[in-house]
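Across the two complexes that follow, subunit A remains constant while its partner is subunit B and subsequently subunit C.
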Partner chain A sequence: MAEPLVSIRDLTVSLPQGADRPLAVETVSLDVGRNEIVCIVGESGSGKSVTAHAIMGLLPRGVTATGGQILFGGADLLREAPEALRKRRGRDMAMIFQDPMAALNPVVCIGKQVTEQIRTHRAISEHQALNQAGELLGQMGLKDVAGLLKAYPHQLSGGQRQRVMIAMALSLSPQLLIADEPTTALDVTTQAQILKLIERIQAEREMSVLLITHDFGVVADMADRVAVMRHGHILESGTTSAVLGNPSHSYTRALIAAVPHGESALPPSPGVRPLVEVRGLTKRFRRGGLFSRGAVTTAVDDVSLTLSRGETLGIVGESGSGKSTLARCVIRLLDPDAGEVLLDGADIAHMKAGRLRPLRRRIQMVFQDPFSSLNPRQTVGDIITAGPRIYGEAPKQAHSRAAEMLELVGLNPQVMDRLPHEFSGGQRQRIGLARALMLKPDVLIADEPVSALDVTVQAQVLKLLDDVRMQMNLAMLFITHDMRVAAQVCHRVMVMRHGKVVESGPTRDIFAAPSDDYTKALLAAIPGRRQAI
Partner chain B sequence: MKLRYIAARLIKTVLVAIAVVVLSFFLIRLAPGDVATVMAGQSGFADEAFIKNLRAEYGLDQPLPVQFWKYASAVAQGDLGTSYVRRQKVTAIILERLPNTLLLDAFALVVAAAGGIWLGMVAARKPGSAGDSAVTVLSMLFYAVPQFWLGMMMVLVFAVWLAWLPPFGIETMGAEYTGLARLGDIAQHIILPGMTLALYFLASYARLTRTAMIEMADQDFVKTARAKGISERQVARRHILRNALLPLVTYAGLQASILVGGSVLVENVFSWPGIGTLAYEAVKARDNPVLLGIFIVTALLVSLFNLITDIAYSVADPRVELG
Partner chain C sequence: MMKFARRFFARPTAVFGFAVFVAIVAIALSAPLIFARGPFSIVGMPLLPPGAPGLFAGSDVLGRDMVVGLAYGARISLLVGITSTLCAVGIGILLGATAGYYGGLVDDLLMRFTEFFQIIPSFVLLMVLVAFMQPSLASTVIGIALVTWPQVARVVRGEFLSLRSREFVEAARVLGMRDARIIFTQILPNALPPIVAVSSMMVGSAILTESALAFLGLGDPNLLSWGSMIEGSRSAMWVAWWTTVLPGLSIMVTVLALNFVGDGLNEALNPRRRR
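And then the complex of A and B:
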């Protein structure tokens, strides 16, 4: 094998004192050859990002590489002078990040941000640089380049922003492109496009790509070679087909198994009398003030659905499809403009607050972000007993039920005196679920309950939700952007786009034979479908 | 869209002005005593007839609603009335004093913003360092010191002990400087009151800049900037500072609004012939037309500054649209 472009030898990176462990990365060795895509796959805290940042010399303050070498074309980056390393950044190696909204300066126009990079390394005029920038954006498949150069990041879609980031990274034809979870913040169909773009550019330019991901589907589609990381170590590495086809480490096997496969196991539920019936629900949002006419967006447009006890209905759609607004209308956090929401035949969409209050406990919700949905200053016990206490349950009884409930969701009842920040994401989501279940609801709305979680944790929480649904005979409305997740837990799915339902039916049928073009596109965009894992 | 918005704001400004006229007219009269009793007291031979005559002269003997109607209709025509004490048009008096206050404000604003932002940048460069602590201590000091005391100490140290700067007024009395010499003279006079006003705000700017810069330094786009290979100086200037300055635009607008009514304390300590001293004199003399005029002009200027702040903010931050 020819000499690799990047050769990491026994890299050790230490964390500042007070962190949960002393070393972020311990004696990691990894090669990235010329003209190949290498994936580092792992969950949060595995050290995959730290390794990538160490190559760029961009470790956060207090995090330092304390041992080993990072050879780049033979030169050790860890021993290079800061100024020399700075000149390499952007010129020899470039990096793109997870969230393209946050990664672009919000108050500087796109053109300026791209030319800044070019002119840092090359002595050319702003005009020449701007021409180059326009050309690059065109190569990234972006349209109306002249307008884009003058636009600001917030005026672009997520996919456009990530294309701009890639254009910027490629502007000086670096030998190495590091992509740190480049598609995690994007919609599925956009994700597929961006991954294809990276693949195409890599092949055209014969460059090296180091791709950091948590998704084995992405690995299967993209990587020539893969390294699996956990707790700062590389557990195994090799060609993608070898690692995927014959994983030697049990953790790798667990990771692969945890990837939802996009095949539905659940049969459609038997048709019983529906508990929830939504008819012609419409929600519009207006912008504007005292003296200005507002613009109106129809977030949910004439949507109808039914939901029975013991059944899970998946609502699938990309950002802006109206799926979360729909959920918020069903639970009456928002007042719909038209339509009915019947709970056991009573229309709660237009009910007065006083009459609605006793019914509220029957519909509960689990939110997406387990970090912001729990009050950081209340103990777990206070959080999960607050609901029952409001409905008049004696504190003592609520407390003993809370203990049972924590056990049900797989937590030790003794955690009740602790604060939310002491828990991991998956544990917090369990707390959020326990909080919802304490009110003995009939309907549970889960709004992207696993999208902020690592894959293995995701699998556990999905299983828990399904178990709870069966045990308590819940009607569950499951909101997700991820077709694979929907396939795993939903009896029926409803695909939404621009506020409208484009297709609905039993999960099995829709996955086997989608009739709508958009549904087909969503299914085709699932990573890992090209190569079975 | 923009013009429409600005027109709507100007209409709101007029509404504010009407509210100010009504409220202050009646509130001022809640205070006991009027200009007639004050003048009678000063003249030393206060008999009932004298006071009655004065009241009749100023129209104070008429019922309150009639007084208000007369005043309001005059204001609607742009006439703020005549000062009881100076017997001059209120508009003329305010227009004579307003430039002095605006000059002092502008000086304080520029010094506070420039000095504060610079100190904040120094502090944010290495949070927790000796330089950072020094800036924090200094800011606390400037926050905590009462302005009138600070003003007197300024006079004591720089005018009396060191004799570097003139302590009072806006220019040297009787010197009759013209042209550049006059400008230089005013510049010397503005330093002490200007610094006294500026230091409190300077401390705020320093704290705000420091916090905003530390927060911005953690943002992803700063990481992107470093990944581009830009030097640390440019990262700090073009990316961190540029974003950290956004909240300061709002604060500068707030400061301008606070100052435009004239600082009664500071202007009086330094005998600065601005709106603040005028207001103080008018209160003492119960010169209500002058006081009301100051209220109205100040309210209009505050509305105007708020509008300018909002427009400036929408220019500085492309994400924010007017409306």
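And then the complex of A and C:
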């Protein structure tokens, strides 16, 4: 094999004092050859991002490389002067990030940002630079390049922004592109396009790509070689087919097993009388204030659904599809403009607040963001007994039930005196679930409950939700953007786009034979479908 | 509570601020016991410099003991500063929380009402209010509260606007919690740090405003405050510096101490600092 472009030898990176561990990365060795895509896969805190940033010389303050070498074409980057390293960035190696909105300057137009990069390194006129920038954006598959060069970042979609970022990264034809979770913040169909773009560019330019991801599906689709990281160590590495086909480390096996396969195992539920019936639900949002009449957008457009005890209905859609708005209308966090929400025959969509309040306990919700869904100033005990206390349950009894509930969701009952920030994301979701279940609801709405969690934690929480549904005979409305997750827990799915339902039916049927083009596109965009894992 | 105190006193500036503030409060409270003859009694020649026999801080233009004046002045200045701030914070939280939590039309109406107070130069409004109500301690307190609540309302509204859409607030609504309970038990505790910070600043600025009113002769003529001491001595400013500098320094030290206390409270109230 030819000499690799980048060769990391026994890299050790230390964290500042007071961090949860002394070393972010410990004696990591990894090669990135010319003209290949290497993936580093791992969960949050595994050290995968730190490794990537170390190559770029962009470690945060207090985090320093204390040992080893990073050889780039033979030169050790760790011993290079800051000025020499600065010149390499952009010219020899470039990086794209997870959140393109944060990486772009919001008050400078796109053209200026792209040309600035080019002109920092090359002495050419602004006009020439602008031409080059336009050409690059065209190569990224962007349309209306002239208009785009004058646009500001907020006027672009997430996918467009990431394309612009890639164009900027490629503007000086670097030999190495580092992509740090480049599609995590994007919708699944956009993710597929961006990944395809990176693949195409890599092949055209015969460059090296180091892709950081947490998704084994992405690895399967993209990588020539893969390294699995955990707690700052590389557990195993090798060609993608070898690692995926024959993982040697138990953690790798667990990670691969945790990837939802996108094939539904759940049969459709037996037809019983529905507990919840939604008819013709419509929600519009108006912008503007007291004296102005703003634009009206219809977030949910004439949606109907039914939900029975013991079944899980998945509502799948990309951002802006109206799926969260629908959930918030069903649970009356928002007032719908038209339509009915029947709970056991009673219309709660238009009920007065006073009459609705006693019914509230029957529909509960698990929220998306484990960090904002728990009041940071209340202890776990106060948080999960709040519901019963509202309905007059004696504090002592609520407390003992809370202890049982914590056990049910897999937490130690002794955590009741602790505050939310002492828990991990997965643990917080368990606390949120305990809070909802304390009221013994009939219906549970789960709004993207696992989208902020690592894959292995995701699998555990999904399993817990499913167990609880069976145990308590709950009717569950499961909101997600991830078809794979929907396939795992839902009996039926409803695909939404632009506020409308495009397709609905038993999960198995929809996965086997989608009838709508959009559903087909969603299914095709699932990472890891091309190569079975 | 013990943990809270430990976090608060972990900051040297907070310790300093708290100690100074306690000392000033102690002096203010004990003034009538130590100086039974009152601040208006004449004890000697006017404008005696500090260190003159029996006069640690000298005497003022009328020959009154400066030490006694400063001690009694602290009573009025602190009383005005603290009560007017409490009133302003009360009004501000009520209106700001209502506007921020309900949003929409309620927010529009309450904020236009708030702006009504904000667009008038506040000191001019204050002078008119106090003159209209007759200068007295009560009118000073009410006046200051009426012109300062809008800044609290603004801060509280801003916090509530961002906090009300947090998922834990939605969770409380889903549980069936009443609005008032959500506002006071869920959102308000999270909005406290900026409110505490603003209020500690406001006590300081209320003391300054009272001084300014007293300086213009709009204070209660029967009471001596630090502001009225400066006003009474301004003609002697160039010949007897201590008559104006000492009350001025008292105001400065008090305001500084309160700001330090505010910073300390802010840190200590932050749940992330809890260990």
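Here, the second predicted complex is superposed on the first by the 531 of 533 C-alpha atoms of A that agree within 3 Å, B and C clash if a C-alpha of one lies under 4 Å from a C-alpha of the other, contacts with A are read in each partner's own complex, and residues count from 1 in each chain.
The working rule: contacts are C-beta pairs under 8 Å (C-beta built on N, C-alpha and C of every residue); 3 or more make two chains touch, one makes a residue touch a chain.
Predicted model only: the values in this text are computed from it and were never measured.
Visitor: Determine, under the contact definition given at the top, whether A:R86 touches first (subunit B), second (subunit C), both, or neither.
Guide: first
Visitor: Looking at A:H154, would you say it contacts subunit B, subunit C, both, or neither? Reply first, second, both or neither.
Guide: Only subunit B; A:H154 stays clear of subunit C.
Visitor: Let me test your reading of the model: by the given contact rule, A:E116 touches which partner, first (subunit B), second (subunit C), both or neither?
Guide: first
Visitor: Mind working out whether A:V468 is in touch with subunit B, subunit C, both or neither, as first, second, both or neither?
Guide: Neither partner.
Visitor: Please indicate which partner A:L343 is in contact with in the superposed arrangement: first for subunit B, second for subunit C, both, or neither.
Guide: After superposition on chain A, A:L343 lies in contact with neither partner.
Visitor: Just checking: does A:P106 make contact with subunit B only, subunit C only, both, or neither of them? Give me first, second, both or neither.
Guide: Once the two structures are laid over each other on A, A:P106 reaches subunit B alone.
Visitor: Output check: A:R357 vs subunit B and subunit C. Expected answer is one of first, second, both, neither. What do you get?
Guide: second
Visitor: Is A:M165 in contact with subunit B, with subunit C, with both, or with neither (first, second, both, neither)?
Guide: In the superposition, A:M165 touches subunit B alone.
Visitor: Subunit A residues touched by both subunit B and subunit C?
Guide: In subunit A, residues 289-290 are touched by subunit B and also by subunit C.
Visitor: Across the complex, what residues on subunit A touch subunit B?
Guide: Touch residues, subunit A against subunit B: 56, 58, 86-91, 94-95, 97, 99, 102-109, 116-117, 120-121, 152, 154, 165, 168-169, 288-292.
Visitor: Please output the residues of subunit C touching subunit A within their complex, sorted ascending.
Guide: Spelled out, the residues of subunit C in touch with subunit A are 105, 108, 166-168, 170-178, 181, 186, 189-190, 271-272, 274.
Visitor: Touching subunit A in the complex: which residues of subunit B?
Guide: Listed in rising order, the residues of subunit B that touch subunit A are 1, 4-5, 7-8, 11, 219-221, 223-231, 234, 238-239, 242-243, 246, 316-319, 323.
Visitor: Would you mind writing out the residues of subunit A in touch with subunit C in their complex?
Guide: Contacts found on subunit A: 289-290, 328, 331, 333, 357-358, 360-361, 363-365, 367-369, 372-377, 386-387, 390-391, 419, 421, 432, 435-436, 439.
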